[in-house]
Each structure stands twice: as C-alpha cells, then as structure tokens.
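First the structure, in the form of structure tokens, and then the observations on it.
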Amino acid sequence: MQSIEIQHTDLLKGYNEVRSQTQFLCDPLEIEDFVVQPVMDVSPLKWHLGHTTWFFENFILVPNMLDYKAFHPKYAYLFNSYYISAGDRWSRENRGQLTRPTVKEVFEYRSYVDEHMKQFLENQEIAETLAEVLILGMNHEQQHQELFLYDIKRILGDNPLFPVYRKEEKPVKQVNSEMEWLNIDEGIYEIGHEGNGFHFDNEEGRHKVFLHEFQICSSLITNGEYLKFIEDGGYRNHMLWLSEAWDWVNENEVKAPRYWNQEDGGEWGHYTLHGYEQIKEEDPVCHISFYEADAFARWRGCRLPTEQEWEVACKMYSPNVLADANFVENKHFKAIQTSDFDFFGNLWEWTSSPYVSYPYYNPPEGALGEYNGKFMVNQMVLRGGSFGTPRNHIRATYRNFFHPHLRWMFSGIRLAKYI
Amino acid sequence: MQSIEIQHTDLLKGYNEVRSQTQFLCDPLEIEDFVVQPVMDVSPLKWHLGHTTWFFENFILVPNMLDYKAFHPKYAYLFNSYYISAGDRWSRENRGQLTRPTVKEVFEYRSYVDEHMKQFLENQEIAETLAEVLILGMNHEQQHQELFLYDIKRILGDNPLFPVYRKEEKPVKQVNSEMEWLNIDEGIYEIGHEGNGFHFDNEEGRHKVFLHEFQICSSLITNGEYLKFIEDGGYRNHMLWLSEAWDWVNENEVKAPRYWNQEDGGEWGHYTLHGYEQIKEEDPVCHISFYEADAFARWRGCRLPTEQEWEVACKMYSPNVLADANFVENKHFKAIQTSDFDFFGNLWEWTSSPYVSYPYYNPPEGALGEYNGKFMVNQMVLRGGSFGTPRNHIRATYRNFFHPHLRWMFSGIRLAKYI
Amino acid sequence: MQSIEIQHTDLLKGYNEVRSQTQFLCDPLEIEDFVVQPVMDVSPLKWHLGHTTWFFENFILVPNMLDYKAFHPKYAYLFNSYYISAGDRWSRENRGQLTRPTVKEVFEYRSYVDEHMKQFLENQEIAETLAEVLILGMNHEQQHQELFLYDIKRILGDNPLFPVYRKEEKPVKQVNSEMEWLNIDEGIYEIGHEGNGFHFDNEEGRHKVFLHEFQICSSLITNGEYLKFIEDGGYRNHMLWLSEAWDWVNENEVKAPRYWNQEDGGEWGHYTLHGYEQIKEEDPVCHISFYEADAFARWRGCRLPTEQEWEVACKMYSPNVLADANFVENKHFKAIQTSDFDFFGNLWEWTSSPYVSYPYYNPPEGALGEYNGKFMVNQMVLRGGSFGTPRNHIRATYRNFFHPHLRWMFSGIRLAKYI
Amino acid sequence: MQSIEIQHTDLLKGYNEVRSQTQFLCDPLEIEDFVVQPVMDVSPLKWHLGHTTWFFENFILVPNMLDYKAFHPKYAYLFNSYYISAGDRWSRENRGQLTRPTVKEVFEYRSYVDEHMKQFLENQEIAETLAEVLILGMNHEQQHQELFLYDIKRILGDNPLFPVYRKEEKPVKQVNSEMEWLNIDEGIYEIGHEGNGFHFDNEEGRHKVFLHEFQICSSLITNGEYLKFIEDGGYRNHMLWLSEAWDWVNENEVKAPRYWNQEDGGEWGHYTLHGYEQIKEEDPVCHISFYEADAFARWRGCRLPTEQEWEVACKMYSPNVLADANFVENKHFKAIQTSDFDFFGNLWEWTSSPYVSYPYYNPPEGALGEYNGKFMVNQMVLRGGSFGTPRNHIRATYRNFFHPHLRWMFSGIRLAKYI
C-alpha cells in the first residue's frame, strides 16, 4: 500500500464503478438467495453486501467525516468480519441465521453510505494515507465480488433444481490450446511488488530468490486431461496423494472435481452458473483442491510451480498484460484481454508454496493489519486471477491463498518441472 | 382415526379455514424469514408451507384424483419430511440450504393444490377412509401452524435486532391466578380417545389404569415462582437435576428459560413475538425443558403429573371445554375460551410420562403408519395445548411429545403430588 | 433399603464373599487388560476394583471408623464415579488415560480396606442404618462384577487376536427349549419390593397397577429365531424400526447382534468369553439393543412386555426361585438353579418400559441419593438378571436400566402379546 | 539414502546398540504404562516396541532371509503404522484399545527378531541397498525412541499422581547463557545433505538458495523470558497471534506452555520426567507450539528463522559438532557434547518454514516412499534435535516436522531478525 497519486474525481469514479459492479452481480438473484449459509466458508450474499459497505463506513466515514452518523448502531456488530481490533462481531458460523436486516434494508445501507461517500469525496481534501485506505476498500469489495460468485455457485449448485444464475455467462476459453513448455533459466530473481500501483501488504517486501532452471506449462490442464486421471484410477491410488489428502479423499468420498456428476450413461456433467451442462473436454478443469492439483501433477510426473517460479514466468511471458488496468473496465462478463500465454484471468492456479510472509514484511498498524498477515499458516498460494476476478484487480505479484482442501473457488492446475 | 360422519361441504370449508389460517400466520413476515434453519429442529418456514401442501398432494390428489398432475416433479423429494415409505427425501439438516423454490413459488404450489382440492372435493364422492386422511391432513397442517410459531420465534428471537412478529399479539393469561390443589381419588380410570371425533392414532387403545390418590395444581407455575427457583440457586444445585439434565445445564450454561436475558441492572427480560419486554411475574413461565420442569418440581417438593393423571384431572375439572371444537373458530390470536381450571390452551404441560404406545396400539398401514408410532422412545409427553395451538385442535386425550432437552416450543409446568 | 436383621459375623462373611468373588473374576487376566477404556461406557477394570473399594472406604470407614486413615489422599478423586455430593472426580471419559496407580497398587488398596473393614466389623456395634449401607456396598460391588464381565468382553472381543478369558466358561442354557405362551388375567396387581430383604431404592414405592389380559413367552428368543429375522431383511426394513433406531442402524451399519461376524462362507460366528466360535441356534440371542429387541418383536407381530407385566408373570410362574438367595452361593461360573420357566439368570430381558420412578419414590438423603434416582430419563428397564449376575443378587422386583442403543451387556428378548 | 560403505560387524553392532537403547528407555516403566493412548498423536509404548521391530521384520527379514517365518501372522496388521503399500493396518486411533499382545509378548517378538537379525547379518552378504534399508530401520527406531519419551511424558504428566519416570534425568542446560546475535551475510547458499553419511530422503535435493542478510540468536529463549511474555498478557493479546493460533488459544484456553501449572501462590511449576518441580528461569522454555513460538517472536519484535537460515547459521557457527556421530555413543542420559553456539541437542527449534519438498526431491520406490514425502503439507519444520534425540541421530540438515498446534514434543524457540 505504497503512495499513489490519484485525483479526487478518480477516486469517486472508481468507487462508483466498484459499487455498481456489485449491484450488477446481484441483479439476477432472488431475495431468498441472499440469506443462506450452507457451510461456514460461504457467507450469505447479503452479508457480503453489508460487510463491504461497513468497511467504507468504519474505516473512512466514521473516523474522518465530521458529523457522520452510522446508519444503524448494530450494523458494525453484524457486518465486521474478522477484525478483532474493530470490536465485537456476530459469529461467522451463524451468519446464515440472520433474516434481518432484510435485503432491502442492506441495500438502503449501501445507498446511505454511497451518498455519504460522495459528499465526503466531493467536499474534502483526501490525504494520501486516507486515499490508500479508500483504494484498499475498493479492492476489498472486488475480492468480495469474486467470493460472491463462488458463494452463488455453492448456493445454487447444490440445489436439486439447478437454478440458472445468468444465461449469457460465458467463462473465457484458453487462448492457447496447444500446450508448450516454457523455459526459465537458473538465477537470482526479484519477487514482490514494485512501483506505485495498488497492491496488498502481503506483496510487499520485494526480495531476491534463487531459482533453479525449470519449465512451466503455457496452458492450464483441461477437463479432458483430468478425465484421463480419473479414468486411470487417480482417486483410488494412494501413492499419488499426500497423507492428509488421502484422508480427505476417503472421508469425503471424492471422485471428481466439485460440481461434477457422473450420469447414468457414464457421461460427466457439471453445474455452471448458466445451468447444468455436459463437461467440455477442451475447457480448463475447475474447482480443484490443492490436494487434487498436487496428486494430478504427481500422476503426470510433474509438479506444481512455486509461487516464485510462477511470478517470474508470468513477468517473462506475459509482460504487457493488464498494464492499463484501472477502475473503468471492470464489467464481469465482458470479453477478457488475455496475454499470449494466458497467465491471467482463467482460473486461480495452485502453486506448491505455502502462504508465508515475505522477508521484511510488516503489516500495517491497527485493524487493517489483520487484513492479510494473520492468515499466514496452513494455506497455499494461488496465482493469476480467474474469470471471476475483476480485470483491474489482477497483478503478476498478487497472492491469493486458500486452505488445501477447499475447491468452491475457481481454481485450476498449471504444471511445472525441472529439466 | 375412527369413522366420522362428515359432509363434503364441511370438508372443503374446514380445509379452506385451515389453509387460510396458515396464510394468516405468514402475513407479517419478510421473504428472508422463510428461508433459514438455525438448528435442525427448526425448519425453514417455506418448508412448512410446502410440506403441508405436499401432504394433501401426495396422500389425497395423486392417488385419488384422475388426471392430477403433480405441480413439480421434484417437490415430493423436497417436501417429504420423514415418510420413508413415501420415497426419497432431501435431508432434514440441509433444508435451510435451499433458496429455491422461492417463497412465491411455494405459494403458487399452495394455490395449485388448493384449486385442485376444491375441484376434487366438489366433484367427487369422498369415501369415509379418504375423508379421514383429509382430516388428518388438516390436523397435520394445524400442527405445523404451531411449529411455525415456534420456528418464527426461534428465528427472530436470537437476532440481535429483536424484530417484532406481530405487535398486537397477546398470549392469554391464566384465568385463575389463585393456585388450588385439586383432588383425585384412587381407582381405575379409562384413558385414551373415545367416540367419533378426530384423534391421532397414538390416542387410540382406550384402556384402564389404576391411579393412586393424588393432587394436581389448578394453575401453571408463573414467572414469579420460577424466578424464586433461579434466585435460590436452582440451576447450580446438582441435587435437583437428573444426571443427563445436569450435563445439559452445564454444557449449555443454562441459567434461565429460553429467550430470557438478565440485563445489567439484574432485571430479567425476554423476547416475545411482539418484541422484547420485561418479564411479567404473573404470567406462566414458558420455554421450559422437561429437565427444568422436573428440577423445579423437585425443588418445590412436588412432582410432575403422569399423562394419565393429567388426562383424568382434565376430564374431571374441565369437562365441557372445547366441546364445540370445529374447523370454524380457529384464528390464532382471538380470545380463547378457557375452562374454570385452565387445563387447555395456555402452554403445553410437561408430564412425567415417557412417550410410549398405549396397549393395543396399532399404527395404520403404509406411510401414514410413520406419522406417530416411530417416535415412541426417548421423548416425554406434554398435554393441554398452548396459546399457539388452534382451538379446535385441542383435546383432553391429545398426546404431544418432545425430547426432554427441547424448549423452543410453548411449554410450561403444572405440579402434582401424592397426599 | 428397609431395615433388615443381620449379624455382624454374617456381614463380614458376606463382605468377604463378595470381595473374593471379584478376585475370582480377575484371576485369568493380564495386567494390560485392567488398564484400557475402549469407549466411555466401558471402565478400565482396575477402576472397577478401586471404585468398589472406595465405596466402602468412603461410606463406611471414613465416616465411622475412629482413626481410620485413607489409603491415599488422591484415591477419592480417582475412584469416585458420579457422586457429585462426594466431591470432585477424575472425568469418566478419561479413566483409560491413567496408568497409575498400578494394578498391584489397586490390589494393595483393596487389601488395606479389607483389613480395616474386618477390624471395623469385628470390633464395632453396627447400627442398622450402617448395616444397610454396608449391604448396599456389597450389592454395589456385585453390580460392578457384572459390568466387569461386560467390559472384559468388550476389551477382549474387539481385539483381532480374540483372546480367551476363561476356557471353562459355560453360559447357561435355557431349560425349556419348547416355547409356550403363559397367560395372565386382567386385574389390579401390586408392583415393587416388599419385605425385609435387600433391595434398591428404585424398587420401593410398592403400588398397584391395572394390567389387561396378556400372554408372555416362557422362553427367550434364540439365535436361530433371530437369524430368521436377519435373513428376512429385518435390518433393512425401516417399517420395523423406531425412527431413532433406524438412524442408529444406519449410522453404525448394524447388521447383526454385537460380536457377531459373518464369515466368508456365510456362516455366523461370535466372540465369547471362552473364545471365538460358531453361533449355536438353540442358545438365546444375546447382546441385543432395545432398538433391536423392539424391531424383532414388531417383525414377529408381538411386543415386549412392560416391566409390570414381566414382574407379575415372574412372580406367578417362578414363585420359589432364589428364595434362598444369600451371600454364600455366588461363584460366577457355577451351575445355576433355574426355575421352571426361566425368568432369571439367563439374560437381562428388555421391557417396553422407560425407566421412571415408582409412585411415592423418595431417594435417600446425601450422596447415596444419587445412586439410582438421577438416571430416570431416556433409559429402558431390563429385568431378570443374566448368567453374569451373582445368583443372590437377583430378584423379581430388580430393575436394571440401560440406554436403548447399548448392547455390550448380556441382554436378550422375551416376547409378550395381548390375546 | 546414498551409498555408504559399512562392514557387517558394524551393522550388527549398530543394530544392537539401537535396540538396547530402546530397552534402556523401558526399564523404569510399569506394565500399565505401555498400554494406553491418551490422544491419537500418542501411541501406546508397547506399540512403539512392536512397530520398530516390525520394520526390521517386514523390510529386512521377510523379503531377504530364506525360510524366515514371521513371529505371528497378525503382527504385521497390528504394527504397521501408515504404510498403505505394506498392507492393511489396525487403525491408529484405536491402538490404545489393544491389551494383547501383552508387553511380555512384544518383548518376545523383539527377541525373536533380534535373534534372526543376528543370524541374518552374520551369515549373509549384505548388499549396499539392503544395508541402507537396515540403517534406515535403525534411524527409524531412534526416531521412535524420542517419540517414546514424548509419549511417556504425556502419559505420566497428566496423571494427578505425577509419577516419576527417572529420578536421575538431567536435561541439558544451555552452554551460553549470554545471548548474542550472530550475523549471516546475504548471498547464495547450498542447502540439503551432502556426502555419504546417512540422511533421510527429505534432506536430499541439494540446492541453492539466496538469503538476505540476517541475524540469529546464539541461544534459546528461556523460561524467564517466556514468563515475561505471559505476564505482559501475551496470551490475551490477539494482535500477536495468527488467526488459527488465536482460535487454538481460545478453544483450548491456553495460558502457558504444556505441562505448566500456576499454583495457588502464583508460582509456576511443571511436570518433568523426574517429577513435578518449580520452573527454573534460566532453562530454555520447552513444550511450545509453533503458534506460541510465532506469537512470542512477534511480541519481541523478531521472527523465527527459516529452515534455510537455520541450516546456514548452524553450519557456520557449529561446524565441527557431532562430526564423529556414530552408533556407539548413544546412551540417552549421558552428558551431551555441545557446540560453542548450541545449535544441537537442546530442543527442537521451530522455524518459520512450512514442510515442503526440496527441489529435485524424489521419494524412494515402494512402501518406503511413504516414509517422509506424504506428510509435506500443513506442517512446520523444526531443526536441531533435542535432549531426547540420540546423539548420533542429529545433523545440520535434519528436517523434523510437526503440525503447528502440537507441543507434546521437546520444542523451543530461537529468534532471528533482519538487520
């Protein structure tokens, strides 16, 4: 979150764009869809709406806007996620028990905060440090936009009625269907964010790493390739799996990626946000846990790249992509500008790197110090962004992270190997 | 479910009354309130609406109405509760995960079935056995009307916003604030249902029991009396509690009836369906588990009555009440016609009797045999009906039953003792 | 626990007999067998030894013997079972974690207490109320002798090495292999203990009940009869099972009685205390839960008797049995004196009666009031005693009780029906 | 497991030394101590004895010794730990349920295998690859010797009787009580095992890393320093803890290292293998989870070293230590030869490095490939060895690993920081 030069008008424009994109994601849904929480990892959709709004209210308006009156005295309690420093919270596992505030009331909350943000940004000199918090809030809402899509899919996709979210959704295809091994020489490389653009604190601490020579795949593993793994008994061969992964497979009787379903005739189908359909062999395989990605790589005699290898390869083979990222072009279902080698915006790609702090990492003071740093154990890094990630939210240095058994997000596999 | 003489027009009238009463209960609610399931014992409100409708569709229309076409091919799967004989079901613990069908769609389902029931009842000779199933379905929906109220209270009452369900709700008061001990002589008494009126299968098997002389209280234990138990350390004195009850108290840190809350000043308040308010000492204490009722009785040097004692006392001291019960007078919040001795319609009264079958009990053939009989273990009988029970749904022989730790229903305490 | 006339010498003789019988049960075991606790319901065998000894130390010696010094200051903490009034306890679920005191030390504890009991009983006038506590302690140890056998079987029987406990063990056969229906007329009967003999508090409260005419089987259900139930798909037919029973069957994948095992050839074998062997069709079926007994009875078109029916039938058809019960003849594996109709000492027989208090029941004051009364919920009564019950410990009025899913005890099935 | 030159006589000598050291560890124990399993992470001591013996039987004798007859047909089933490739196993969580084989029988098993190993090694030419497996088996038994000590402490240390394991045990002190910051320059370093000596497969894959300049502490954190953390409210300050760590602290009510106990007067004591005693401020703090080590480092404004930093520092500042490691000098409680800077043999030192594979890592073929590789997720690396590690079992490149919440092992804290 280094210093950035930015104009007030740009801030408000960017803010409005992010906020309206959230609205866009809500449009196809029914009120009922906003309420439930099928498992703890999924939050009710109206909670996402309230929480991202609370972020602006709590970190921008309350401390900085004179005479600002919080919309409701209990919303901070209801919509704080995990910021212990920011006060008591309703428990995460019980978010799905709250039928009130209603969806309508949550949208009123959003309008109220938007109106005050407009007033605030139009009438106030915004200090650089505050602008940083605001831009953090915008990126924060973009992260929740993607989580929102995961959660919609989780909520609708397990319903035996298989409701359609949006008929016209067309997740992007890989540009390069021809797989190629890309070479990276051994040497010292620099890792981490550089320059004035927005980035999260966990990308800071630019530092050197030594990489041995390696190769990385130009494209993601497809459904067709993954089907071969299934058909070869991959889910039944313990030698391919980490010990905890093998327990996970057996306890959950995992036999295919999340949302996949083998029909009577042996054909595979899966739920997508535009409805239930047959598996397409050429599409990249999605909804893969780290455990599965790791086992698949072993089966293929390869491995997953480290996050450092991924970052170096990305910078080398997709250097120009998304250079013009900004807060304008961010409609979710638009065509995506992809690089020659597709390192961005298809699926989050599992790396073999556990999520730990970079050298010299220092989280910010106060509640925002809880944003990223406190999750640096037992999770694995994913890189590259997915078709659900807003375009201007993707960076080569961006570090996403999830627990290794999770797969309700848009996650896939890219292979690497030593030569 | 013995034979009953009934006219077609009466059936349709009764059916419509029951169905409109359910609608009446829904009126004050928001769509969000219909969706969630905070614990397994609570069902989403829209599930109640669908399930009671499915009961008529599945047991009346599908097998009996020529050319009837089910509203939706998957609703039987979604809305069957526990009738294994009636086919596969969506799992009970996951009812709160389903956002679809929407509330609107469930109401369309209700209208569709109502319309077909009307056609069916108007155009068809209804055999006596079928009329019995229909009346069972009406009583079934009445049972769910009461569960509906429990579940509304559970859903709204744990929300920190304490939403009001219905401002004008006024749960009935006890007629007799003066407590009196009523005497019953020893002797052989007859227990169980007699006559042609509607009753559940578990009331059948009319049989003789020998009762020793005893006394039973003319009124229910009040909040004021229960407060004395709390203040005397009742919840901390293990000698008052059954062993499993003591575990329950400690594991759940139980210190007062459900929904009670001790405020900073030491005053007790509680959530009610008309909002949060102070405890009123003269009202009967509600939301009591069997464990608490049993401990309270022990603390008072008394005991709970057996269900046989309760039934005999009720018939003796409230003989005329509800003789005119029918399907007309059933609006939930109307003034209640109470007896001299208040054995009906205040709160369900815990008895000391585990729920077991009566002698000669025989459940019906087929899926409806699962209605009551398969629950006859580990539950306790409650008698008398509550302010949430439709008036024409209460009988002296009615056997309600719940697990001994539950207390989200409208349950209270009546004491008994030997002389 | 009414007054009983008894001589000091008889007390000491009885005490010694009980204590030496416990020793007899220990003889075939290895030290390792005394230590483990495979599930919470099972206690380590050395815990039984310590606990029964603590009972005498705590309720006889400490309060009554001048200058008595407790063997070890922490043994009360380690060996108190559930008497909250008697002070803090080591948690039940962690009894199997304690390797110390060693088995040798626990036997030293026993010898120390035995020696002091001898001194105490030889040199002291024993008040009647104290004699009652002593006799209670002796019966208490007898109860643990039977639990000891259950627990030995549970510990050895799940070990893939199937260790033999005692080669010469020969569980009794039923005298009457010919099944007969015994008639009981309707009428008022007296239930509960009468006279001066020892009995537990839960047998007190002699009272009248009205029984309808019924028939009860002269013998227990055999393995052969139970095999027919299995082969008829009894475990897969939900209509036979209570709802909680059906869940239990499915969650635990129950397909046969405990310890039964279907071998490759389809033959059934089972672990017994004298080793693994083939099922004998003529023996009574054992290790049956209430859930199974209830389902079996339903499959046969019969029912289980109530505990009142059982007691009346027993007094009528086995009136003279065990009249000479005393503390002399109590070696576990001796031949058993059985009645004409076998109501005693084969297997504990499930009744259809939940375990509740008799009318007028009053538990004793103090810690001994916790002996029986606080368990009167969610358990079912069993009657009759098993081949593991000491002969002088069986009575027609004896009420044993277990949770309905348990079956590691020696439990079987006797059927009843209305005529 | 690279090639090593070794003589047959040395192999047998080494084998015998390892085996007799295990016996030495058993000497002070009672039979009861060998049987229980208080939590899944702890194995019964007799299981360790059987398992290490099975390793030799299964991987050396059965496949290589002509006419060798396994001691018992079911011991492979009982004593295989996690080698799925080596056949079915008794479940880990139920190891504590098995009272048989007895401890005596397990020792007979050990003697039988020892006798055959002697014959085999004396009469057979041992191929290099087989020698490697044998030496792996010896190192494997040494690992279990240390686990044995952890498990003894866990079994005895939670017993309210606080039994003494060995009075004469004197865990080593740190040589350098004066703390010093040691400097390491930035640069490329080589990591991983080199040369012919024994090492585990997870140390292979020698590779280069780039390290930034850093400092590492010359000594471990002491009890006195850790007490300051406790007294400063370290366990109550969420800002010091990772999110999962904070949950762990609260769910388990953690307030001090494992085995610590604050007495009435506020003094801290702890159970040690030589009995219960007061905390000594100058001793290194032990039984620390990664979560606690990480929180402590944060509190001190420092961090934990990475495993690469640790290895480089160790080689630089303790270059000569243990160069003469062999299978002769290995009595557990002997004085320990320590380096100037104490990088070995005090306590296992948590690093900030998750346990992942080195570049080029390839696990061996077959069941031994399951030895290390399949655990490379969700665990953290510890380095250096403890006072419980056999002296000739410690190496600068040795990678130990545990889950971050565990602390029943001998684990401590060494700090690092950037300059």
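Here the chain labels run A, B, C and D in written order, and each chain numbers its own residues starting at 1.
Here is the rule we go by: a contact is a pair of C-beta atoms (placed from the backbone, for glycine too) under 8 Å apart; a residue touches a chain by one contact, two chains touch by 3 or more.
Since we're looking at a predicted model, the values are computed, not measured.
Visitor: So which chains count as neighbours of both chain A and chain D?
Guide: none
Visitor: Return the chain whose centre of C-alpha atoms lies at maximal distance from the corresponding centre of chain C.
Guide: Farthest chain from chain C, going by C-alpha centroids: A.
Visitor: Just how far, in Å, is the C-alpha centre of chain C from the one of chain B?
Guide: 38
Visitor: Averaged over CA atoms, how far is the centre of chain A from the centre of chain B? Could you give it in whole Å?
Guide: Averaging C-alpha atoms per chain gives centres 47 Å apart.
Visitor: Please report how many Å separate the Cα centroid of chain A from that of chain C, as a whole number.
Guide: 60
Visitor: Residues touching two or more other chains, restricted to chain B: which are they?
Guide: In chain B, no residue touches two or more other chains.
Visitor: Which bits of chain D are touching chain A when the two form their complex?
Guide: 82, 84-85, 188, 207-210, 212, 238-239, 241-246, 290-291, 294, 352-354, 356-357, 359-360, 369-370, 374-378, 404, 418
Visitor: For a test of understanding, state which residues of chain A touch chain B in their complex under the given definition.
Guide: Listed in rising order, the residues are 30-36, 38, 46, 74, 77-78, 90, 94, 96-103, 155-156, 158-161, 163.
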